[in-house]
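You will see two complexes here that share chain A, one where it goes with chain B and one where it goes with chain C.
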Partner chain A sequence: MTLSLPGFADPVADAQACFRAVLTAMSRPGTPQRITSPLTPPAPLGIAAAAVLLTLVDGDTSLYLADHFANAADWLRFHCGTDPSPDRTTAGFVLADSLPDLATLAQGSDEAPQDSATLLLPVESLTAGARFTLRGPGLQAPTPLAVTGLPPDFAARWAANHAQFPRGIDLILCAGDTLVALPRSLSLGEA
Partner chain B sequence: MTTISGYNFAYLDEQTKRMIRRALLKAVAIPGHQIPFGSREMPLPYGWGTGGIQITAAILGADDVLKVIDQGADDTTNAVSIRRFFAKTAGVATTTRTDAATVIQTRHRIPEAPLTENQILVYQVPQPEPLVKLEPSRAETRRMHALAEYGAMHVRLYEDITRYGQVAISYDYPVMVNDRYLMAPSPIPAFDNPKLHQMPALQLFGAGREKRIYAIPPYTNVRSLDFEDHPFRAGRAPHACGLCGADTSYLDEVVVDNAGGRLFVCSDTDYCETRRDAGHVGEAA
Partner chain C sequence: MTALPPHVARQRWMSVLARATAADLADRLAACPALPDHIRLRGPESGLVMLRGRAGGAGSQFNLGEMTVTRCTVRNADGFVGHAYIQGRDHATAALAAALDAGLQDPARQPDLLRTVIEPLATAQAEQRAAQARRAAATKVEFFTMATMRS
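On to the complex of A and B.
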């Protein structure tokens, strides 16, 4: 029974610390941020992904969970106060176990590009693997990023997402207690 | 200062903070784009910095050191009361020193001292819509932003040049963020506009009455609108600070007597004090 697992030990301070980590990750893309708050999410949910959901998701948002994470649904229902949505195409937050077709998620409109999905994607590693070079707002110089767990055509799929700026999804990659954010404003090259 | 009980940390409830935090993350992902948010009623009136206060409340942690400035000054009513508000409701340390702060809430100035990557600058914004004086309809300005249709603003600058020989905007000078969105930098003097460009610190903007949040990530291109033959020029009073002698800082003009006496002093009080502590002396000191 996953419900017996606690959420944040200190909901106010831990959510604030996690938010600042995500805010830093979003404003300095490619820079890994660690979630330091102790957290025991139900498997297979990782610490970083769980912390981001506890910090940002509540009854006012819609959350889509990939089937892979069905075991965590009750835990998220209880701690976030949200009922996971069956509709991936309109959800504000999407937790996936493999990169979905980004164009099928909420993209926002030209007038309201903020009405787009934030995609959380667990990956194996944020320190080794396929190498990318990041450019865009938040980066003074091109910044390297190494990820294990993304599909081989990720750069092309991200380029299609970036090309429709200001519309598009924002991606948060999570590996264990570490996360890296890729906002839609970011252009990504293979290195 | 002792914290008061009966309120959540930093005054706002957690659900409101989450709503503001979600808006902030989207704002950072779409630099310069205004995002609507459910602005709350705060214990001070709209126009006193409620937008900035709500952003500060949503980002502030117990380890943060908060500085609040009002037109550059740490010691005016607005700055003192907001600093005291967060000292009471969040128990955070406060400072007047720019280099010691991690979060700086500002009304209408950017500090003279360069900001670092470890700082966040929060602006209080009265009017977030740069096109408001050209197009009163919100529905229409939203569409203009969607289409990046900013010709009307260039015409407005052009009309200034034909009438006055120069662009006659001295504050809230419109900027293009990341080559995409026209943005109101809040009523900072045009003098401060160049500091917006490629700033190492994250910049967050909150408009409480107008219920909008927007942001400029660190190291983002921010260009003040201009023409090739009329390049943007940042103006300042052609004087040196009377107290510290600085001749590159933004100056306030202070009337000192009934005989037309004037004193020009740094608008950034911390910058001025730091210089005076270092031994710089102005003519009136």
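On to the complex of A and C.
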């Protein structure tokens, strides 16, 4: 595939706006954030997932791409300046097309919890589907979240991830131009 | 010029384009068919590049200093992707040089562009370098007693 699509129209301002959106999403889990910057990522990459990668990934960051997204590898290589890593277990950022076994990703350590992976997972919808209740730092009251596209045993798998705090992965769910972040500090109940 | 391998020919025209000014390029371009439309994939954007130096033939590398560089990448309507890296902050030159690099990769346009844009610019740049070298050579002092650093 040849390189054919531009990245952010205004790289500095758009990346800052996206960074702000990710920061808000992480500090207020369950609150959907929209990416408003114009962006046409290569299929099958969605706008929110592409914007997060353009913003957070650079030459010093390791990124693992699921085979499903091989079509976007050249685009990411050019605009992020990173060569996608073949090793999912050590990558700092993982872009998956279905929820992997969370324990196989980098978990960080008690001394360096920041070494864990951030998982980007495109889902079908963040407004309808399986319902969850979120509790944890950043949330005054239990907050509802509806997701289509997560496996049925997601709550149990997330509980195992949450139990290792401060270790564990952070998850960013993306649907089109909208994203919701689930930091590892979050406890999640089925509703 | 026809015997050059493709990447060497491209290195040569990219280096000529990097030394030219936007006005030079626009003047030369007026004499040949218009370049196809293009979209900008990245930039033009300016940044700093660390230049590495080496003292003598056997010295180790050190950071000489930073240099302002402007880069641009375009993709033209024929599907060719052109890159430009130029010294300084002139975005117009970088955009034009990238569009020319894309056009020059097209076998149908290459001979025309080489003849009307690259070769005259290369000749002018070589003359300029020679004139500067002559002026510098007139002030050269030879230190015959100094040993060279390479032994």
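By our rule, the second predicted complex is superposed on the first by the 189 of 191 C-alpha atoms of A that agree within 3 Å, B and C clash if a C-alpha of one lies under 4 Å from a C-alpha of the other, contacts with A are read in each partner's own complex, and residues count from 1 in each chain.
What we mean here is this: a contact is a pair of C-beta atoms (placed from the backbone, for glycine too) under 8 Å apart; a residue touches a chain by one contact, two chains touch by 3 or more.
None of the values given here were measured: they were computed from a predicted structure.
When the shared chain is aligned, no partner comes close enough to touch A:Pro122: not chain B, not chain C.
Shared-chain residue A:Pro42: touches no atom of chain B or chain C.
Once the two complexes are laid over each other on the shared chain, residue contacts for A:His79 go to chain C alone; chain B is not touched. Looking at the superposed arrangement, the partner reaching more residues of chain A, out of chain B and chain C, is B.
Judged by the touch definition given at the top, the superposed model places A:Thr55 against chain B, while chain C stays out of reach.
Within the superposed three-chain model, A:Pro11 lies in touch with chain B and with chain C [touch as defined at top].
Shared interface residues of chain A, touching chain B in one complex and chain C in the other, are 11. Partner chain B is touched in their complex by these residues of chain A: 11-13, 15-17, 19-20, 22-23, 26-28, 55-58, 60-61, 92, 109-114, 116, 118, 137-140, 165-166, 170, 183-185.
Within the complex formed with chain A, the residues of chain B that make contact are 8-9, 14-15, 17-19, 21-31, 33, 35, 58-62, 117, 142-143, 145-147, 178, 180-181, 198, 200, 202, 215-221.
Chain A contributes residues 2-7, 11, 78-79 to its touches with chain C in the complex.
For chain C in complex with chain A, the residues that touch the partner chain are 39-42, 45, 73, 75, 79, 81.
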